[in-house]
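Per-chain residue numbering starts at 1, and chain names A, B, C, D, E, F and G are given in the order in which the chains are listed.
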Amino acid sequence: MIREWLTAVSEPILLALAMLVISFFLAFVRLLRGPTLPDRVVALDLISTLTVGMMAAYAIMTDQSVFLDVAILLALIAFLGTIAFALYVGKGRIP
Amino acid sequence: MNGGLSVVLVILGAAFMLVAAIGVVRMPDLLTRMHASTKAGALGGGLLLLAVAVHFGELGITSRALAGVAFMILTAPVAAHMIGRAAYLTGVPLWEGTIVDELRERYSARSRAPNSATTQE
Amino acid sequence: MTLFLWNILLALAWLALTGVFTPGNLVVGFGLSYVILRFAQRALGPSPYFGKVFHVIRFVLFFLYELIASSLRVAHDVLTPTHYMRPGVIAIPLEIESDGEITLVANLISLTPGTLSLDVSADKRTLYIHAMYIDDEDLDVFRQKIKRFERKVLEVTR
Amino acid sequence: MSLILRTATRFLLPLLLLFSLFLLLRGHNSPGGGFVGGLVAAAAFALYALAFDVATARQLLRIDPRRLIAAGLLVALGSGMAAWLARKPFMTGQWSSITLPGVGLVPLGTPLLFDLGVYLVVAGVMLTIILSLAEE
Amino acid sequence: MISGGIIVCVLSGFMLALLAPWLYRVGRRATAWILALLPFIQLMYFVSLAGPIARGEVFVFSSPWVPGLKINLSFYLDGLSLLFALLISGIGTLVVIYAGGYLAGHHQLGRFYAYLFMFMASMLGAVLANNVITLFVFWELTSLSSYVLIGFDHEREIARRAALQALLVTGVGGLALLAGLLLLGQVGGSLELSTLLNQGEVVRAHHLYLPILLLILAGAFTKSAQFPFHFWLPSAMEAPTPVSAYLHSATMVKAGVYLLARLGPVLGGSDAWHYLVTLAGAVTMLVGAALALFQTDLKRLLAYSTVSALGILTLLIGLDTALSIQAAMVFLLAHAFYKGALFLVAGAVDHETGTRDVTQLGGLRHVMPITAVAACLAALSMAGLPPLLGFISKELLYEAKLQAPRAAPLITGAGVLANVLLVAVAGIVGVRPFFRERMATPKNPHEAPLSLWLGPVILAGLGFIIGLLPNTLAGPLVSPAVTAVRAEPSEVTLALWHGLNPVLLLSVLTLASGMGVYLGQGVVRRATSRLEPIAQWGPARWYDVALEGLNALARIQTRLLQSGYLRYYLLMIIGATVGLTTYTLAARGGFPRPDGATDVRFYEGGVAALISLAAVAAVRARSRLAAVAALGVVGYGVALVYVLFGAPDLAMTQVLIESLTVILLVLVFYHLPRFASLSTQRARYRDVLVAVAAGGVMAALVLAATSIRFHPPISDYFAEKSLVQAHGRNVVNVILVDFRGMDTLGEITVLALAGIGAYALLKLRLERKESG
Amino acid sequence: METILAVVIGVLYATGIYMMLRRSLVKLIIGLSLLSNGANLLIFTVGRLTRARAPFVPEGADALQPPYADPLPQALILTAIVISFGVLGFVVVLFHRAYQTVGTDDLDEMKATDT
Amino acid sequence: MRPVLPILIPLMTAVAALLAWRWRGVQRGVSLLGAVALLVAALILLASVWRDGIQVVQIGSWPAPFGITVVVDLFSAIMVALAGLMGLAVAVYSLGSMDTAREEFGYYPLLHILLMGVCGAFLTGDLFNLYVWFEVMLMASFVLLVLGGERAQIEGAIKYVTLNLMSSALLLAAVGILYGLVGTLNMADLAQKLRSAHHPGLVTTLSMLFLVAFGIKAAVFPLFFWLPASYHTPPVAVSAIFAGLLTKVGVYALIRVFTLLFRHDVGYTHTLILILAGLTMITGVLGAVAQNEFRRILSFHIVSQIGYMIMGLGLFTPLALTGSVFYITHHIIVKTNLFLISGVVNRLCGTYELKNLGGLYQAHPGLAVLFMIPALSLAGLPPLSGFWAKLTLVQAGLETEQYVIVLVALAVGVLTLLSMLKIWTEAFWKPSTRNSQPSVNRRQLVHVFFPIIVLALLTVVIGLVVQPFFVLAERAADQLINPEAYIRAVLGGTS
């Protein structure tokens, strides 16, 4: 596994994947820490974008375009969850 | 096909995403975190999708990849706006370094005490 | 808009004719058909479309520049230990009126790192944004910088 | 409600619907299919209901989503029973093909019809649940 | 032809039972006389068969019923069955007529007839059956008819309880009997009695002999009210008197005796049989007789004396000598006549005076002369005075006891003691109410109507006439019966006078002592009343305690198991899963060694870690929405796994579902309350333990399953045919809509249901409790 | 990778079950979701992981050329996901109604039908 | 075509009823028609299987281990016929008892989809497809259970739903692992390939997952809690169809997999099943003894009766399996009928609580008889259907010298009798404490009594004319214990 990490640096696409993986964990840290719900939502939103990115990178790496379809679907649809969260947060608004 | 360009786009995209992720951890309040994450994130995602478009270089795939980019550009700002607005309106606290708040005056009639009922969730 | 569709259709036809289905070829096709349409303009009657294309291209370039510049700035701030930012919530008076235009402006502002549309007033006259780098001591100067987005949008839509 | 969200939704709804059809039609050969397509269609209207309100979304939809469920089941069932006309076991695919200008020979068969049934049911169900729940 | 008559006899009873309520609606008062025709015809039929049977003929009727289980609807008529059949149809005739008068005007009389005929038919079936399962079927039907008849007066709780008690006691015995009979069939190689009767040696030598014996005895003893199962019989006196006379004295309670007699050739002849049956009989005989003296209620007195009589019969069968069987058969007849008569008399007295309390009755001979004659005749027969049948039977009885193969003096002593008491009882029930001075009663008595005195007079008269001509009238019946029980030709000679012998001496002694007890019954009752508290702790009490205990156990168990706490149910299920799998693993072994698939790319590992962390975060989240967000991360992570291992369709679906789930949850959480910490610390530790164990089991199973493959998968087929035959490049989609379209059809049906259900839940709210 | 996914599956099952054992309806829902993710991942894993191509017949070919990811488990999981999603949708509504009707999401307050 | 009809007819009926959402009268007609059609199709199927042997349809014409196979052996055919019979009985009963609101909110489509799921589970020859049908059935039952949304319904449903979902998750995992090991889902193919499995211990361990998953659905100890928590809460027509069919699908599945797939270690697996059978009988019947409400008593009895059905499987001899099949047949008819009767009682007295019931024997002797027949049959009194069922099992137990289970079976029979008589005593014999009788619509009563009378007659007929039913069960059991014919029918000549 350590060798994998090392080759990651040499292989550009692996480097990209490595950055993405690190990003996942960083975003996850925010999701854990909060402190408010919007903070977590922002983190989740970022994670969905990261997922799009990772799928795209993987499509390139494996040379399979089918994964792109997943990525664009996610790009379009992840938004819905965020909106729902936002509306929930907004529920607490004083009218 | 277009190996060089797609590699650059991939690395760039991933780097932007990393920045976004670091920002989301490091920035002091919600709104500043959002500046880092939602936009840099979308930018990174867009770049990666572009990389796909370049990498495959087939019409069908390229058009789909571009559509993906379009989707991101369409949705990301709306989502950011919705979260930011909701958070602001429910009283998520701003960073102490904030220099001005002109929206506050509009809502001055009401207290802006943090509404824990939702935001603390 | 009809012309734009025409343009696209022609570009696709070009692709079919050439039989080379690549993005590059699409761009070629688009450019060619743009030129064709331009010449055929008289036949088709007056249209703001041709002038717009220029504005659109300029607008896109402007936007990309803003995007990259502000991204880099945010990136710098994120990656360095100190926070250089001077954030705040600013009211931007709006001249545009239609929902679509307001949304477009707001989204463009949001898309650019460093600024984020928070709210539109009920009378649609004011856009409230959160900005990270209010460098100007005079807030109105800053407001004008933001309003450039509005102007560019107006150039395209009107 | 946010003006920005509403305006964006006006644009996104047709886009999502188009995308859902795209997924449905391509599903037999590429990722997608009736289920995914149906969900996207439902998501489109769900977004509309969130951005505006349920009544507006129902107006836009025109048809009671429960009818979609019944129709979808009917289509799926019918596509399976079509095989009986050819004296074949239930759900045996019946294929023919048409030539689409510019695309060429496109095979058409009952399994595709079945997928359409799936699409309708999924869209109908998700809309039924989400719209009723949002009305609470 | 003749054999076919047997099944007609049995089935016609059931037919008439079905018709009886309707007949009653038409026939009213005359119904009893019309109905009585059936048992009377049956009686004539059986009488007509007496001759051939006395000559040694046997009638068999057999028709397959459940050949798969070797069960035939088969009947067998020999001397023993005939004796019982005559009693059943004969006394049945009288009881039907009697009931018509006794219950005249009762609004449920139609149903009563139905039950009575159902009983009659079942009882006939039981004593005539050849197949042991057929026998059992009718046996249980007699219990059931007894149940509805005891509970006939169902508005009174005591009647309901008595009915239940009787049914439960005999029911438990019945099930033991069933097991015993089945085992017997297994050991003996046939379920047909006629075959089994020749298998005695095989059966007795088999290692299952003792269990079979015990099981069958349990059936017989409960039915025939042997100690300690006797208590249901006195309680059963809640039934209308015709029922008591017929079922609980003359016929049904003797089914156990019948069974013992019937199976004697198979099961008898062993020490176990001898000791068990004799002892049970002796104890029952004494206990019944002693307890009878406590009673003041006419029917209860008679009931306990019946218990005693049943003990005597059992004892005689246990002795298993030619003489004892002979005595048993004669006593069976004698008892049926006198006890039936006495019961009917008691009913008539009750009917006329409104009371059954012996202490309240006296001098009735003036107002009820015919009844008084019948009563006295019966009582004298019971007391064993010559020239009544009771005397003959007692003579035989003493003789048999004196010649008992073992412990003859002891048995004889006990017999004398019991008979002494029974003499007193006979006096109390049959004589006392009619003599002494007249006492005031709730109702003003008149002579009973014809229907009420006909039965007692005939029965008592029979006891008298047979006593005078025993050899002519009883001999032809008893001999073949004894032959049947002994499984060897027996010739019985009955006589009133045996000369001066020890038996006669005992008889005289018995009578004299009995008279003494009768006269001094006040003293005796006072003396015995000391024992009353002990009697309260008798078997009847055990029954109550057992029932209460059962209820308590049931309640405790239910409270423990069906506690209402969902998490305990879940714990049980998960515990069962973990327990069964790990135990099986330990017990059966054979887990393949994990092949240590450690070929991991860093990004795969990263995604895996992310999923796990997010899952844990979802658990540890303090707020619902934080948990939902963490759940979202799990979802995206899983979608990534699908992408990483070549499943784009799955990833798409996962992603979509993730987003829509968030919408659903958020919509609902608008209304639901926030997380609260409700469980105790201990519960949490326990649950962590269980959850981790369950997770561990699943992980272990996955490891095992991924390290080994019994067969290559069938997927090559899909790979090959997908495009060529199913016209699709997306193999997963082709599987979904074509290869395995049936799954998808079910799947969309589930979805449709979810939609209908959610809609109904949200839109349909019934305020009121709906009736079914 | 199977080993690591086995652990992930174990974690999903464990967390799912733990959440289902809590007293709150909301946690029960979350538990169910975790559990169904675990079950799907389980089928995916035991159906054998492969980094080979996704099961799509490429243009110009008549059949899948090995190695390819086994399409059958994918189809099974798809069916299972959809079913559990439908069920989840219904359950969410049910719990919503339960809360409305009973007035609490504490499961311990919902045992009237047992005792 | 024939074997698929019992799945498709209910679906068609449901779709037709769904399309006629707004027209209640049409829905009722469609439902009745569909139920009749289902019963006819099921009976024709049974007859043809009896005549011509096991019938197979390869759905979509894809050959056996690859596509989904619908396969009908006698056991399946019997179960489907029973499902059709109960479907019709309850459909008719519903016409006279279901409230308008529920009818308008999809009661009839739900009922028929439930039947579809049940029939699908009985007919499929594919393990994953079995899971799908289970889900169809469960989902339909979830909705039927809560339809109306009363508090008790919802509380019961929460447990019912959660525990059943747990079982589904387990089943899914088990099926998935089995596929991973053997690479096929067709049960006949699995049966064949499992024979040569080189890790029997692993297969046995896996079989435990199936045991638990199906055990939950069958309501076996200690997995039955969902049943008594919920069965008494919905309208009685729903209770009745649940009582008749749902747990039996679990039992069916247990019997199917433990006669076809997991028979390599009978000494371990089936002994375990036998132990569970005994415990199920005891705990179920004790639960019933503790209850004082009509439907709750009946619900707990379902549990205890499941024990008997499993007992036959545990003994695993031809006679024992005959007993199981016979028992299931008997139980479905009798238990459904008892629930239907409880509904009538409730309608007459306005309650299910025994302490508030009474006077029915006096006022409605016909109903009393109609109750006694299934009640006594349930308790196993001769000569009703239940007696022969128990007799067969007891005989099988004695033959295999499993005396403990025989003892339990007999003792539980007595306790069953006890609690049936408790109902009898309280509801029928005990004098009524009420002054007024609720008014009853005569036309509705026809709908309500018709199925009750038919089922009671059937109980008696089975009791009196045992042989044909016994032979049917015997042959079904023979096919179960010798699965060669099944495997050959599904896989064709390849085996």
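Basically, contacts are C-beta pairs under 8 Å (C-beta built on N, C-alpha and C of every residue); 3 or more make two chains touch, one makes a residue touch a chain.
Computed from a prediction, not measured in an experiment: that's the story for all the values here.
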item	value
Pair joined by the larger number of C-beta contacts - D-G, E-G	E-G
Innermost chain, taking as reference the mean of every protein Cα atom displayed	G
Distance-maximising chain from chain G - centres being C-alpha averages	C
Interchain centroid distance [CA atoms averaged], chain C/chain G, Å	66
Where chain A and chain D are represented by their mean Cα positions, the distance between them in whole Å	28
Euclidean distance of C-alpha centroids - chain A vs chain F, Å	21
Multi-partner residues of chain E (each touching 2 or more other chains)	562, 564, 566, 570, 574, 600-601, 605, 623-626, 644, 646, 648-649, 652-653, 656-657, 659-660, 663-664, 667-671, 698, 702, 705-706, 709, 713-715, 718, 729-730, 736, 738-745, 747, 749-759, 761-763
Residues of chain G whose C-beta touches two or more other chains	11, 18, 59-60, 128, 132, 135, 139, 142-143, 146, 149, 158-159, 162, 166, 173, 177, 179-181, 225, 228-229
Junction residues of chain A - those touching two or more other chains	17, 20, 24, 37, 41, 43, 64, 66-67, 69-70, 73, 76-78, 80, 83-85, 87-88, 91
Touching residues (chain side chain D, partner chain F) in the complex	29-30, 35, 122, 125-126, 129, 132-133, 136
Sites on chain A touched by chain E in the complex	1, 4-5, 8, 14, 17-18, 20-21, 24-25, 28, 31-32, 34, 37, 40-41, 43-44, 47-48, 51, 54-55, 58, 64, 66-67, 69-70, 73-74, 77-78, 80-81, 84-85, 87-88, 91
Chain D-facing residues of chain C, complex	16, 99-100, 102-103, 106-107, 117, 119-120, 124
Interface residues, chain E side, partner chain G - complex	21, 64-69, 71, 111, 133, 136-137, 140-141, 144, 147, 151, 154-155, 157, 160, 164, 167-168, 171-172, 175-176, 178-179, 182-183, 186, 550-551, 553-555, 557-558, 561-562, 564, 566, 569-570, 572-574, 576-577, 580-581, 584-585, 587-592, 698, 701-702, 704-706, 708-715, 717-718, 738-743, 745-747, 749-750, 752-754, 756-757, 759-761, 763-766, 769-772
For the chain F and chain E complex, residues of the former touching the latter	1-30, 33-34, 37-38, 40-42, 44-59, 61-64, 66, 68-72, 74-79, 81-83, 85-90, 92-97, 99-100, 104-108, 110-115
